[in-house]
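There are two complexes below, and they share chain A, which is joined by chain B in the first and by chain C in the second.
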Partner chain A sequence: MAGWTCRFLLQRGARLLSPRTESSLFIACRRTVKTTTWFEEHLTEDNQEYMRKIVGEDYRKLTAERLNPLKDEPWPRHEWTEGRGRPKFTSLLHAVVQDCHVLKYLTKDEYDGRTAALLVGGKNVSPFHRSESEMEMFRNAGVPPKQKVSTFKVSDNAIIKPGTPLYAAHFRPGQYVDVTAKTIGKGFQGVMKRWGFKGQPATHGQTKTHRRPGASGPGGDPARVWKGKKMPGKMGNIIRTAHGLKIWRVNTKYNVLYVNGSVPGHRNCLVKIRDTTLPLRSASILNPPFPTYFTEEEEDLAEDLYDESLFVHTEPSLALT
Partner chain B sequence: MAACCRNLHKCAHYLRSVRLQQIQNERLLSTSSCRLAPSDKPGKFIPPSKPVIIDKAQSATSQRKFLSPEFIPPRQRTDPLKFSMERKDMIRRRKVLDIPEFYAGSILAVTMTDPNANGKVNRFVGICIQRGGKGLGATFVLRNIIDNQGVEICYELYNPRIQQVELLKLEKRLDDNLLYLRDALPEYSTVEPNMKPVPAPSTGEVPLNKMKVRMRPKPWSKRWERPKYNVQGIAFEQILSAEQLEHAQKWAQPWLQYDMLKEYDTSRIQEEILTEVTREMGQ
Partner chain C sequence: MATKSGCIFIQRRFASAAAAVRPSAAEVRSHRNAVFLREQSRQRALFPRIEKIEVSMQGPGLEGTLLVMNKGMSTPLSCARHLTEYHVTSSVLALVDGELWPLHKPLMDSCALRLLTFKDRDPTAVNQAFWRSCSALLGQVLETAFKDDFTVELLRSPDVPVTSGAFCCDVVLDPQLDSWAPSQESLRSLTRGAQLLIHLDLPFEPLDVLPSVALEVFSHNKCKQEEVVKMASENPTGTLQLYRCGDHVLLSSSPLVARTGLCSQFEVTALHSLGSGPWGLHRRAQGLSLPTQLQAHHTVWNKLRKRAEKLVRKS
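Right after this comes the complex of A and B.
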């Protein structure tokens, strides 16, 4: 149903009727185009419940079966060579990998002229509140719609067919990763919290000045404030990467990665994990599953994979001789 | 028919022998102790005392169900998968290292690997003053006074360096944490390092020690008389006057007990986790 919706400014409400202001009325109101209806508008309650249930079961079956519908012609796999980029993927928390699928392959020319890219999506969501154009990509790949889609730069011999599921076993213990996520938003913050300024003393005659920035620049020569001066403002809710985090343990059953240290983002947030770009740690990736871990081909992985120097709880207590 | 007769004979024989034994026992008893009160008539029958049946197959401790407090997850927005995976690790560790049931106020001895000690292990005995933390990071603090110096060591329950946790005395106190022992007289925190384990009482319950501790003169490290600490185990009357106690009540927050957002009812979670843990430990 196509329709025009006008959102009037609140002040205009009283002056609608005068003809003089009619033209300015249209300039003042904002128009939003709504071309789609919500899925339950013309359905009965029973049908709505049925739709939700059916779609949920369908997606669960899709992910649980660990098959990709385009399995008939798997793309050729290439040998791992040093220095080639592997595809990496999105995951939830800093640990759990939930329903990651490869969505699309962009060739070198389509992407940026230098490297190929793979679009990967994580975490299934309901298809009902997504528009048709968004759903198109997911339908082509044959996967449920995803909450987050991200791009990974990949070398040519590491491309994967769209629709392949990606698992936590893609990473192995002892490997180093970079984790990217949106940091926790702190809102509008002052200069002491945002930039770590020292502020002013609490006593000794300070008049109403305890957390202020103080001076803002050199003085008469520039006679202005430099661009990028540290000042109060919105803090957090920006994308940041933690580099060189070691993976200590991988649980293949629940798709959980145990990553060293802290990671940007709040609890249960979506996070992007890639192999490290740090030059001194890239050697830790010895014989990784290339281009990714396929369940059909490597069936016999233990439920928990541990790093060599990690204490496993089933061992007896540490004793020194 | 013949088999029945034989069984009947056997039963009869058995009963006869039991009755004989009973009569013999009575005779013994009657000769050893004077069971007839002097004022009673000599012919009055006094029945024998009932025997106390101690079921040795199931000891009292195993019948009591105890879930260690670090298994109960805090009220957070974290995925329950994280807590269930942590519980699995905790159970794996508990299968290797036996961690006894203990409370604040119990006396424990911990042997831990130490690269700088003689024999590479060191043993510390102390009274547990607090149990903190949840999951694999659960800790307990042991306090003792050695050479007139108070020593407190915070041990992690699931630390791989811990070789053995011995329970020397199982006891409960009136409070959950006994940090006030730092300001109490030293006799209440002293535990003999070579103490022998005290056997638990035969009844299944944990003994509750209702002692009220005597304190050193003020100032203390914390104002223990204030209601926020809710200390039951200090004898305040001996060191503080009634006015001081009344003055401390000014910091009371009586509305806290009605605060519904602070409610965290763990009974159902506790039952579920207890069944899960007993099942996994039994395997």
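Right after this comes the complex of A and C.
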């Protein structure tokens, strides 16, 4: 980006000066010029509008439900057995699942030698700000480019064909999930906010010491400060997981998950939702859609799925007999 | 069926005999080059004494500029070199007294000169010249791409407008290649050849010649000689324009751009078969290219490229 900015400046600067000094300006400021440009630089206005429109239409075509009379058959699906991992997926905060697709399947050997993995991408973005090498993976899968790509470890009988869309109905109410996201960044914070230190009293003679850490360690024996000592520093903007959150309601029409408790991250951020790894809660996953929810097969799913112990607000609260 | 195979057999026998007599492609190229250089030096020698002409420049920021140049030696490119490097790199064609003039053609009289770029208000003529030059470049690549056993005949390429989606180069390949359909890999290798020529930044040197000289240049090639005769009859002045790019000499009825380095994105997209003609199986090679000043984002380029693969029909 800096490269062509320089070239832009050179061209603009050249026109401001008189012709006499232009050649000397070019000789003095010779730099390697990158020739990348923003996509609409050389297009006429109606072409710019056309490109934006056509990209949207292409995305709709790619993500629409399609028939599959093609040679590449859908991959074989296996029965769910206890203890097997399912693929899980990325979605927007407040659990709106937006345009999630499976992008790539990595075999055991390609990934880490132990488990297979699936690359899943969420939330479509425009192709104009992605480079060609990044677009290659999306092109191979036949899906629009995604904002976030994450990896999920799966068992071998739970692999899904790249290009399959993933929906909120992949999860069922009553199930427990782990939600991972990047926490809200707080910047450089002091020790009281960051680590919860008590600080010092406000009065009674304290001189300029109200929020400081105080002592930094034992004393003469180590004669140093331990590694990892809690001190002020940058807080937040790191990936954290909230474990064991229960799903109370799933809306299949708008792809919304209603999840208990608090979830890391700010409003409208991207989160990664997985089936929980907590041993006492993993048994709650009984007969889930395996490997994922396919709309062609299970078409008779109600729009809203509620947990058994949840009162559905549309039903009458009292039944007088 | 037996007679057909017998005919092909006999043709091949005679063809191989003719091939032994026919000069190799390298010899043909060096002969054409030699004749071109001879004619060029002869035309240059017509101006032994330096006579001055006055060239008044027209264009944004150049009003009132008067350059004193040499008659028969200075070209619009040398006028641009007196101005700035920007003018040198961005000029594609020149407009001399309202007439389109290739950038390397010498100026004969005092005139009004305007340098044309791709970013003018009305770049139609420049775009058309660019399309024609790209098709000439494609022809040059095709001539040099095949092995020596196979003949390649370049036919007169149709002058398609830029809006048709791709530039074409009509070619007739060796009869042995009638059933050959190029794979993506072969198209990519043709693209690589074209990119090499673009990287070398060879100028398109123009030359106005009489039909007799042109016939001598293309003395090994009957198809080209017919084309020479037809073009000479179409032209009111009776002269023809030859262009030389590297060591490849070609005919063109209208001006071409200044040099090959002006194209940046170049891709050979398809090779379609049109049907048999008087010289053999006609094939149309199509390509897509954009100049350095108007580069496209890869999304836009992929869209254009998909369209360039479709057959372009001469309207």
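Miscellaneous remarks
The rule is short, and it goes like this: the second predicted complex is superposed on the first by the 271 of 321 C-alpha atoms of A that agree within 3 Å, B and C clash if a C-alpha of one lies under 4 Å from a C-alpha of the other, contacts with A are read in each partner's own complex, and residues count from 1 in each chain.
Throughout what follows, a contact is a pair of C-beta atoms (placed from the backbone, for glycine too) under 8 Å apart; a residue touches a chain by one contact, two chains touch by 3 or more.
Being a predicted model, the structure only gives us computed values, none of them experimental.
With both structures placed on the common chain, the touch criterion links A:Glu132 to chain C but leaves chain B unconnected.
Within the superposed three-chain model, A:Thr277 lies out of touch with both chain B and chain C [touch as defined at top]. Look at A:Thr314: by the touch rule set out above, it reaches chain B but stays clear of chain C.
Touch criterion met: A:Val55 reaches chain C, while chain B stays clear of it. Touch criterion met: A:Val256 reaches chain B, while chain C stays clear of it.
Contacts of A:Asn140 after superposition on the shared chain: neither chain B nor chain C is touched. Look at A:Phe39: by the touch rule set out above, it reaches chain C but stays clear of chain B.
Of all residues in chain A, only 11, 14, 19, 22-23, 26, 35, 37-39, 42-43, 51, 54-55, 127-128, 131-132, 135 touch chain C in the complex they form. Residues 76-79, 81-82, 85, 89-90, 92-93, 95-97, 113, 115, 120-121, 158, 160-163 of chain B touch chain A in their complex. For chain A in complex with chain B, the residues that touch the partner chain are 93, 95-96, 251, 254, 256, 267-268, 311, 313-321. The part of chain C that touches chain A in the complex is made up of residues 61, 83-86, 264, 292-300, 303.
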